[in-house]
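Report on the following structure.
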């Protein structure tokens, strides 16, 4: 079994501890500099926060190896334990139970983005609204002036989408959440749609399309923006009580 | 093939037209007075509105025969056509394509309720809040003083739950929506959870538990209120473009 | 100077302490059984919570004597200190600085209600919506199916109105807040209007009109419901930092 | 009496009509190129939309001359009539009844901004939140990660602030509305505070401070951002039924 370790710049010490530990328990491991190689390992240990995992995922286009997250920052939703990782990491490797979460794929004029949390379509000019039209399976469900529009996964419902009127979605309910950011309109609602549907977005002026806050592509009124569930699942070592984990995280942002 | 017809008191004329039409096309049919017999027919034609169908469903405990709704009132979400039913009803019977939507089952101190839209747990005293605690698979996700709490199906997301901060949920995403009515609390969110989970509710004072606005059971601080997805699906003749139908309905309540 | 003391049933001990203390500092005082006499004293000490003060106010139709609230329950917004009242009450009496907050007056078919927090117009039947139309200076601003409608004072913005989409309003901004409870409508907004305007409400079916959760009057589709700012101000001993007090209270209901 | 005319680039024709009309009725008038001269006239005719008036106001630091708005675009809230202006403009000049609306003044590190609608404090990086702390008379009322924070006038409650959870505020209720844009927090509320209070904002990273969507100033974690009611009122010819005008505008964005 071959593992790799990725880490946040400030978490090199913990990463080296992980390397030593994995070697001790007989796992061949290395600390990766070039994260695009991560996809070829049997599993990945991420040392940092949710942000580190989100960045890592930008480097893996297909289904990912199982990820184990060691949290060295604020409480995360995607991580498995804090810097006292030994017991938890050992158990995870021994049992090797995993679970997978859908990602959303967005194609903007041929360029492809992949997101575990959300694709945000945002005005390119601060304090200037854009008009966004959203089509689900070719049916227009929304036509709205706003700061932007989010298309979020269930996992992403506790990320950027939490800042809007969106609900918390159980990560085991495969679906896509569509919700505007600062809509200049009285009558609108968040939509939770089947993950099998296709979404098309149109904007009337310059916009940024942003995947998980990390990768940005430009779009304009001529762009075709297509979103759908990706088959490139993100795989994680299993977390026992995911509802409880969400409840604890929400308490921190009350 | 044997069909029955149920109708709203003011829609007897249309019901008789349906009876005549079904007889003409060779379907043995009758207008039902005792709706509890409806479950033994091959299909049911409901003449009225969404409310008529919701009332009908209170009489059918298991999986229902396919229902065809003729709308004689305001635009409904569960109906298939208006009083000019011939072409649509004929096509529905010929193709006999159906779809089924989950119902929620609620047991209050041993008494069972069944709802296509929602179970509402409401204060029994006007302008007096109750405290509701909600547990999902034994995890407490909410503890809140409010006018009430809704546990809604996806179909129900355009009914009472629309009056709260809940999202619109695609009827093809099997899930349960949990959302408070008038919560006296700043930090709360609607939850969309997997339909496989079990919900438990506790109240601290006198409450009404209401299924689809029709059936009411009393509860108090000693009550055990358990909710889960029912296997008693509601079956309907298929509607082609359900997202479009929802969009049109939402436009009417802007 | 003549003072009276009113108290919650369970706070008789503290009330007797207050009586003793007032006598010691030379204030003629008595514990009132008949609260309708309270208006004839130079000031009132209320022992209990916000609810006690709200109940007391139901007995005083004109401008009230200054009220000093001793809190024996949960943290209140209208009270001045907890059961260790001596220092605070002494200072209040010595300085005798007061402030006054507007009440709303509501006339339903000739019957008059007075509220410091809010007038709630609520459906008389649980889980059955009513339609409410709201006119401001004869202009219809809302026509909405809902569980109810609140017309709140600024002080009331942290009471029942907090359970709806209403804002927190500075008690020193004289105004009335109009906000629906569980509106079955997508496009609506809370309104904050000038306290000088006249509000008229119409309902289409049986409703309860409730003042501060205490006094209830019935209304129906023939009723005339008129609301305006009352000249019967509620007078309180001054609280130094009211914004800070609100912030602390809000923290408790996060 | 001396009047000036300002106009949107595409509305020169109507502006020349206005010039001709004013000359006919004996008012000395001219079409202004340099809008900073507008403050020295007896009144101003703006030809365009609300945006034209907002831009004009950026050129006038003190109390403005009365403004009459001729709308050549979408329905505006600040304009008085459409391109058929003769009757309305004549009546306005004859009666010369005016009303004034408060503006907000914002000082960022010594640089001054003036807004009729709102001051928006926005993250300088798309899809990256900033943390904003808000102090009212030195009391911290909010500490929140968000896309931004708005401090709006009552007039501005139907502008950018409408895109957030803010209420509609009667323009005759002098007050300031504080409301976040896309707050990453469960427990928050819009605040409506007295116009006499002082607001201080602090950000933790690069931000733009934007007045009415027109004037932008940069800020960062070292900046002092102070906001208060300006004495530089915006003066308009009187509109009879302002509540009705707001209701009609809201209907357009349902």
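The letters A, B, C and D name the chains in turn, as written, and every chain counts its residues from 1.
The criterion applied here is as follows: contacts are C-beta pairs under 8 Å (C-beta built on N, C-alpha and C of every residue); 3 or more make two chains touch, one makes a residue touch a chain.
All of these numbers come straight from a predicted model, not from anything done at the bench.
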Interface numbering overlap (same over half, different under half) for chain B and chain C: same
Chain of greatest Cα-centre distance to chain C: A
Between chain B and chain C, centroid-to-centroid distance (C-alpha), Å: 39
Rounded Å distance, chain A centre to chain B centre (Cα mean): 34
Residues of chain D whose C-beta touches two or more other chains: 162, 185-187, 189, 250, 253-254
For the chain D and chain C complex, residues of the former touching the latter: 136-137, 139-141, 162, 165-170, 172-175, 177, 179, 186-187, 189-194, 196-197, 241, 243-244, 247, 250, 253-254
Interfacial residue positions of chain C with respect to chain A in the complex: 185-189, 254
Interfacial residue positions of chain B with respect to chain C in the complex: 120, 122-124, 126-129, 146-147, 160, 162-164, 181-187, 208, 210, 213, 216, 250, 253-254
